[in-house]
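Below are structures written as structure tokens.
Note that chain A is present in both complexes that follow, paired respectively with chain B and with chain C.
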Partner chain A sequence: MMVSGLAPWLCWALPTVASVFPVVLRGVSGRTKGVLVTAAASLSWGMALSMLPGLTDTGYVERGTVWFTLPAGGSVGLGMLIDPLSIILANVVSFLSLLILVYSLRYVEHDPGADRYWFFMSFFIGGMLLLILADNLILFFVGWKIVGLCSYGLIGHYYHDDRKYWIGGPPPFPSQRPSRCGLKALLVTSLGDVSLLASTLIIYTYAGTFNFMELYQTADVWLAAMAQNSGVLTLTIVLFLAGPLAKSAQFPFHEWLPEAMAGPAPVSALIHAATMVKAGVYLVARVLPIFYFAAWVSQPSYPEALTFFVLVAAIGGFSALLAGTQAVVAMELKKVLAYSTMSTIGYMMLALGVAGLSPESLVGGVSAGIFYLISHGIFKAALFLCAGVAIHASGSIYITEMRLSRRRMRLTWAFMWISVLALMGVPPLSGFWSKDEVLLSCLVGGQYALFALASATVAFTAFYGVRLLGIMFHSGRESEGGGGNKDERGEEPSRLMLLPYAILAILTVAIGLAGPWVGEMIHGLFGGYFTSLGLVAVSHTHSTASGAAALPVTVSMAVAMVSVLMVVAGGVPAYLLYVAKKSSAAVLLERHAWLRAAHSFLWSRWYMDAAINRVFVRTTLAARGPFAKYAEGSLDRAINVGIPALISSASRGLRRIQTGVLSVNMLYFMAFLVLLILLLLWQEVV
Partner chain B sequence: MFTLPLDTLLFFVATSPFAGWAAGRVRRPSLSGAYAASGLAVALWALYGLYGEAASAPVYPPQAGFFSASLRIDMLSVFMASIFMGLGLAVTVYSVKYMERDTGQPLYYTLLLAMISGMVGTVFAGDLFTLFVFWELMCISSYVLVAFRNYQWEPVEASMKYLIMGSAGSATALLGMSFLYGMSGTLSFQGLAAALGHAEPDAWLHLASVLILTGFGVKTAIVPLHTWLPDAHSAAPSSISAMLSGAVIGCGVYALCRVGFAAFTAIQGQWLGALVVLSVLTMFAGNILPLLQTDLKRVLAYSSVAHIGYMLAGLSLGTQIGLTGALMHIFNHALMKGAAFLCAGAIIYRLETRQMDGMAGIGRRMPVTAIAFSISLLALIGLPPLNGFMSELAIVTAAFESGLAWLGVAVVLNSILSAGYYLRILRVIIQPVRSESVEGAGEAPAAMLIPACALVALIVAFGIWPDPVMAFAQQSAAALLAIIGGR
Partner chain C sequence: MAVPYLLLQTVVLPVLSVPVLALLGRRVGKRIGWLAGGILAYTTILLATAGHSLWGGGAPIAEEYSWSTALFVLKFGFLADGLSLPVALIMNVICCALVVFSIEYLDHRIHVIYKRESKPLNAYYYSQFMLFATGLTGISLATNLIEVYVFLDFLLVPLYFIMDYFGYTSRHRVATMCFLWGFVAGALFLVGSVVTYSQTGSFMISDLPLLAGTPLALTASLFMLAGILIKLAVFGFHVWLPWVHAEHPSCIAGVLSIIVGVENYLLARIFVQHLPGILESISLPLMVWALVTMVYGAMLTMAQDDVKRLYACSTIGQTAYSLFALASCTAFGAVGGIFYFLSHSLGKAILFSVAGIIVYKTGVRDMRQMGGLARKMPVTAMLCVIGSIILSAIPPLSGFSAEWIMFVGIFQRGTLDTVNMAVAVAGIFATFLTMVYTFWPVMRIFFGPLPQSMEGVKEAPMSMLVPLLILAAISFILGVYPEIVTRFLVPVLAAA
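Up next is the complex of A and B:
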């Protein structure tokens, strides 16, 4: 492969090292620190680009060394795994990170916590790239944890809980402080992390290695060992999946994502569009070959491994619908975007899950998931950056209060519309082609229920997309003609902030126009990759490498028609309600009781947040009283008073042997000799 | 004469007084320190040359002339010598600033170099007599160094006790060596291994082992022979405390290892079994005693006793992995305790008190020192990803593999117990400032910070990348066990 040896190492090391400078350097202006970090990110992107030529090959390159050997034998490696998956993701992440950092230069200009911001951002990007490029589960976990910790620091950036940074509401609904939001994100993702670690250790016990490729190549050996204890494989899969599902905010670990909007807009862009939530998708894609091998290729096959794909697909599909419905009623701009992120990640998980549910859909599913990952990263990052501009321009987080002026924010309006249309899946933008591929892979795999679920979600997505922009930009009176409204707000942001999402919107259009070709290219890449791994050729007699291409064209056309139909079904009512103002949401709600019930159900997030609160938070708080009275008191006394008393009296007692009198010390000499002789004699007897 | 590193050191020992006199003439006493440091640097470079040779087989430097001695340099010797000289270099550079207020600096550096030469000679020794000669060189220099500030009563008294007990120990060890000579007719380690390796375990062998263990046990601070240590290590200048805790103790462990695995393999089960009990005793005593102490250096001195307990625990398992853990811990402990004492010395240099009550909040006025001190304290507790963790993990794993799971649990329990006083020191450092003297204190001088920070950088580096040290320790352990095979 024509990949320079140092490129992957530099790719993740540069932002990690650069993160130290904003904190350590003194007497350097905040602007310079930002530029330094952005420069490091751009170099990192350069390194990722230099790995692109390696995409043409099929197969992988591994470079590494032993990090440390465990005392009992076995070792943990320090290496980079370079294959199509990691190259694509490294490029996506580094490119989007660079643009978001450029945007941040102006965004955090006057923020007193800017040093902290640059440190966490740079460290986060380094950690994300590390987890993408790592070649073994332990190194991967280090990057994964770094990402989690930095997300806590970034989401809770306004940790001093200034009232203007609170999210939630509008009154009378409760608001949340940013510090609590950061903590919630950390706790929920840490729960997943612990589970992932447990699963990793179980796998290590059977496989004796942490390395991804070694796990795949020796899979028949350790799977056989695992299968001897029934249920272990299922347990491992369930524990393993908790990690990526929590990180990617899928049901049932999704509650941290809406609250993670408490951070600054570029943070939301980075964490929820470009990187952190994609880490879970990456991990699922990374270990997918192993479980696919277990389920379809190995002799004997292990049907337990199918649990992996069933869980991923079902949870992905359900999360897509769940979030889509919640976005329909959300009032905060960033909450709508958060739900839409969760929904889209659901699509990606769905695609990856479907990929393993039948041999025909392997390549199609994986390439659909990855294609959607790329296009989603681009348009969602653009949306979040626009959101930052919109919130800043209007001074409010609620879309109903924004009333932005189309005239004065013409460019932002245009770019935001492009991104939303891509999100909805309107041809010929990038979102359409990638969503299309996901739906197609569902059909190819014969998963009709999931296909129906995904299609229904398309309608919801279209609805909330149009609703979002309708309320934001089109809420003023239409008929004011050329004058524009006096109470409309907004102005175009500075070029440094405008440029990143302009680039992203244009890229969305470009990828859209080249859509089928890009899809084919990714399809071919993964087809070749899986063939080189031996997954494809063995599994079926007729060619599955080009499952989608083998289908008659009419099926592809039909899927596209269904997709467009769903977009229209969702988009037209929204247009009528929010843009053309033929009626208003309030009027409709008043007239139909079932709509009101549905609205409150969706507004309360399907009562899931309340349920989690009741089960975990309130129960714990309620248990405090009796626990303090009965358990804590005595336990507290025993541990905090008893043990110190015990040890201090031991210490005081033992101190007395230090008499300071030399003759006594020499007596100890004799005592030692006697002690030794006794010990030796005792050994003889025993 | 002997071998290049040793010769270099002895040369510098001999010429240091003259360099000191010359430095006195130009009224720059610190030049003698620079001279000593350069000597150590040259010796380290010479040691590096030996490393490649010793890796494959023990080196027997040809001896001739007036000062001939029997030397046997294997990987273990190089390993220990690198610890002594490396720590010695850091301490020497540190002392340039730390001892500037003292008189008699040329004497100090001469003695320091003599102590290091003694330690290096001990580990290079190929027979018991050479070992004893260099051992005594080390001991006597250390007695004088402890009493260096002889205008105060405390160092003199501490040194007196150290001297009496140490000499008693050396005499006992010599008696044990004479028994070994009587039994085998040879003093060289190879000879002892050959003669006694498969001998009948009789009473004389047991007696010899008891005497050797007691004799070297004094210097190694096995409880209850440790009573000199808290006094000596607190009263000595902090740079010497670093050397005593980091290096001299390690030399004691080396002597036990070397003689034990050469001469006592016939009764290995028994004497290692006794050592297990002693190690547990040492660990617990070393960790419980400092919990209520108020003198900073005394706390660190007791903690050295505890760490000796861990090293002996690894040693007493007798397996390759147990020895690897013990040797690795000697290395890591030298780094950690050396850094801790150097930082403590910096604080004492500024505040002129050793009592922790008067040090509240010093970290806020001496941030770099405090950070370095904190890292060394956390490493001493055994937290990953610092270097103490890996060596303790090796010892615990070895214990579990040898079937002595309770020993591994004891080591872990002791680590937890030790956090009690290490964290107390940490708390003292970061408390709010309470006294005037702390308020007015400034950061430690750069010449003192650089060696401390260099050691701390190594602590962090070897914590994240423990493999080089582990590999080195593994080779040394293999070399130690190989002597039984007759090489």
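Up next is the complex of A and C:
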């Protein structure tokens, strides 16, 4: 094994430990603290790179020890799992994190909360790498929750809620404060987390282990035990999926992502494009072998396990379309990107779901999903970094107010176009190949409905992509720029901020040019990996390992054609409206009532946010007062006031017997004597 | 090298120091709190030494002193085993931290109520506070039921007097309420103990297994359970808690939540360890009752606008978590339940103290009048977030480790049948509510715009912040290396 023993440990531990220094060190300049954190991240990336040679080895490596003792001789491990999935993701995450931290050095230069920013960013990166490298569900969950916590801290970075940091609107539509957005993200993702934990613990009660590999290897034993109680497997799957779906902002847990844009741009880039939202995809990919085994390989097979793939694919596909349509009408730059992220992750989930819906599509689906994860992380991070620059340069979060100059921001304009074209899936950029793979695996698996859904989404993506840049840079009325630093108005940013997204854009082109080979390499990696796990029969390997080449060339050509067709179908109208200005959106809306209705429906986010607000938030807020007054109030009064009142009225009543009048007392005395005599007589008789 | 009379020292030293603190404090004033802190630090070190010997695989430390040989043989003993030692140790640490926290807080409180400086009143407080330490340590180390009763009622004395002298709204009435509720609960427990004696001929806790199978076994158990549940503030019996915990001075509010939580320890000691059969028979009703308490407590907490009452009501639901876990009659549940009690005590001490700092510095209790305080009190804000993280069971602090361990047990119970599984799933989703009611107030108090009236607010002094930071550090260590707790608890509770 070429993997150095300490590398995975250092990979996540370095940023975690480094996070403490910005908060604890006094008398050190903000810049130095930032450099310290960035240095730790670069070392972390170095560690990830050193694990790359391990990709050539088939199978996996585990390194760890026992964490602590549990009852009944159980134990939970503290270990690292190194296989193609974790190596690829660790590299993607650490590389993107490093670039974004470099960008941040300039971005938070004058931010009074910079210490807090560096702490949370570094802690986040450590947590993200921990969850990628963890070898068991509990350690994984630790990283998962840390990531959620840091996301809360970073989204709510501008906690003082100064008006200029509010998102939403434009007036008359409501705006939200950053602190509220942070809380919303925390609560929605935590609901998913609780569900995931429940499922993890249910699995543990049957399997006796949290370790991913042990769970897979002993799957036949614990699945059989689980199957004895009907419905438990389905319950476990549904509870399990809530976690990754919430973390990755998929329906119905997606409403936190648009609000998460309240955070600084690098935060959106790191957390909501490159890493945290991918954690859900990673988890689904990580446990996929177990459920695939249950559905297709084990004897007897467990058809219940197919629920896993059906849910993932269906929700992924729907989320992709849902978000795509919302991006078409969004006015805030970062909201467009947020919806776009949700949509793209829907694609990845779709690919992973399709992977398990038929035996032929396993390797294709998983490699398509992971390939798209890599390329998306790169160009979406670039887009968010550009967004930060654009917002800063124009002083507005609304694309309609930006009117940036192509002349003065030539490089940013170019890199943004490259990233958007990759997002749209225009060949030969990276997005095209990866999106193509997803569509292909749908077809291979025979999932025609999902194929149609995915293709439709391509059209929407193309539309909003062109629309975005059309409005931003091609509006024809360039302003002098209105924001931020007077010197930076409407100008290119400093090199420290430009360099990261320049690198990312160039990488997008590079991966695009090498597209088919990268795709095949990933395909081969997972093919070999799944074969070593015993999921794919050897004869199958030959046909699937060569991936697209095994299928009739006409099929993959057809898919490519459909893909390009959809891009054109979406892109051309947008071009005509927003770049060439043959007509304008306002005119079209005025003319067609159905367009207006559609627009309002999409603008209101399919009324989902409003519904959730009404059902959960407003009801709780409204119920608080009556609950305290009537429920607790009446109990409180009944016991704390009622019982003493009862006792005191009883004592008042009883006191009346003691009249203090001598004759009455004599009467009592007499009555008592009579009673005594009667009692004695009765005793005699008996 | 064994320390002589180690456990006796830890229990008796605080109560012996009462006259010293009272008399010396009349001269010294609030700074006598440092002496109190020193004494509690010493007892903590003693307990840590005991823990160290247990850690290395040593036998439980048992001390026995003859109490009465007249009518029946009654021994006064202390037992520090895997269950009682971590509990006693953590409780002592929290008491030590809070007594140091009180130094600034109480002086301010005296000024607010009595409108003057008063060294004797300060002395009075610290001498009364030491009774808490004796009572709590005594309960956890006690070996017989009468001893437990004595220490339970022992705690009522400082509860009453501190509330009466230094409490908030209607302090005299609430002090009486607190005393009566505690007394009735203790009396019920005593009845249960006496019935136990009538059946087994012994008050010793280690002889409790003899109770099983006797004709009055269930009666004795129900009486003891009633006493425990009233003090645990389960739904129905919870109405005293919001008053008592909210109106007590915040510097000891953390101790109050320990007093509530130590009932869980009693439950583990008496029922989980020695009467598992009886617990098994009432498991489902008890779990459902705990679940109702969890949900009700959460809803009540969300309805609060007063920052002190908020955390008070939160204790109702949080202690019910441990009850939920212990009632599952599984080893995981028992270990997790006690671990959760310890973790909650740390977190709640931090949160109550943060509430105290806010009231101390701003003079305001209503959260609707607060906002943006993180600007002025960044360390306090961070402590509030840390406390919320502990309660919400987010790693890497102790709440997460405790919670997942305990829910393993609860889900193991859930595999029995559908009802139990439904209860388990409902239980874990109820924990989500904790996150809502801890993090939402953080936003209300510390984020957003700062009201004009609070422009002059300053951060709390070091003597108030450092103890809380130490408690947070302990929670972090327990969260990252839970072995420190589980190695003690598992051998004792896993036999169940």
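Note that in this section the second predicted complex is superposed on the first by the 607 of 686 C-alpha atoms of A that agree within 3 Å, B and C clash if a C-alpha of one lies under 4 Å from a C-alpha of the other, contacts with A are read in each partner's own complex, and residues count from 1 in each chain.
Just so we're on the same page, contacts are C-beta pairs under 8 Å (C-beta built on N, C-alpha and C of every residue); 3 or more make two chains touch, one makes a residue touch a chain.
None of these values were measured; they are calculated from a predicted model.
Colleague: Just to be sure I read the superposition right, which of the two partners does A:Arg177 touch: chain B = first, chain C = second, or both, or neither?
Modeller: Touch partner of A:Arg177: chain C, not chain B.
Colleague: Once the structures are superposed on A, label A:Gly571 by its partner contacts, choosing first (chain B), second (chain C), both or neither.
Modeller: Neither partner.
Colleague: Touch test for A:Thr69: chain B only (first), chain C only (second), both, or neither?
Modeller: both
Colleague: Now for A:Thr620: first (chain B), second (chain C), both, or neither, which partner does it touch?
Modeller: Only chain C is touched by A:Thr620; chain B is not.
Colleague: Looking at A:Ser651, would you say it contacts chain B, chain C, both, or neither? Reply first, second, both or neither.
Modeller: Only chain B; A:Ser651 stays clear of chain C.
Colleague: More residues of chain A are touched by which partner: chain B or chain C?
Modeller: So, of the two partners, C touches more residues of chain A.
Colleague: Tell me the contact category for A:Gly54 with respect to chain B and chain C: first, second, both or neither.
Modeller: After superposition on chain A, A:Gly54 lies in contact with neither partner.
Colleague: Let me test your reading of the model: by the given contact rule, A:Ile138 touches which partner, first (chain B), second (chain C), both or neither?
Modeller: After superposition on chain A, A:Ile138 lies in contact with chain C alone.
Colleague: Tell me which partner A:Leu679 touches in the superposition: chain B (first), chain C (second), both or neither.
Modeller: After superposition on chain A, A:Leu679 lies in contact with chain B alone.
Colleague: Per the contact definition in the header, classify A:Gly660: touching chain B only (first), chain C only (second), both, or neither.
Modeller: first
Colleague: Touching chain B and also chain C: which chain A residues?
Modeller: 67-72
Colleague: Provide the residue numbers of chain A that touch chain B in the complex, in ascending order.
Modeller: 66-72, 647-648, 650-652, 654-655, 657-660, 662, 664-666, 668-669, 671-673, 676-677, 679-680, 683-684
Colleague: Which positions of chain B touch chain A when the two form their complex?
Modeller: By the definition above, chain B touches chain A via 160-161, 164-165, 168, 172, 206, 209-210, 213-214, 217-218, 222, 224-225, 227-228, 230-231, 269-271, 273-274, 277-278, 285, 288-292, 321, 324-325, 390, 393-394, 397-398, 401, 417, 420, 465-467, 470.
Colleague: With touch defined as at the start, can you tell me which chain C residues reach chain A in the complex?
Modeller: Touch list, chain C to chain A: 177, 236, 239-240, 242-243, 299-300, 302-304, 331-332, 335, 372, 374-375, 389, 392, 394-396, 400, 404-405, 407-408, 411-412, 414-415, 421, 424-425, 428-429, 431-432, 435-436, 439-440, 443, 446-450, 481-483, 486-487, 490, 493-494.
Colleague: What part of chain A is in contact with chain C in the complex they form?
Modeller: 67-72, 138, 141-142, 145-146, 148-149, 152, 156, 159-161, 177, 179-180, 182-183, 186-187, 190-191, 194-195, 197-198, 201-202, 204-206, 229, 232, 235, 239, 620, 623-625, 627-628, 631-632, 635-636, 639-640
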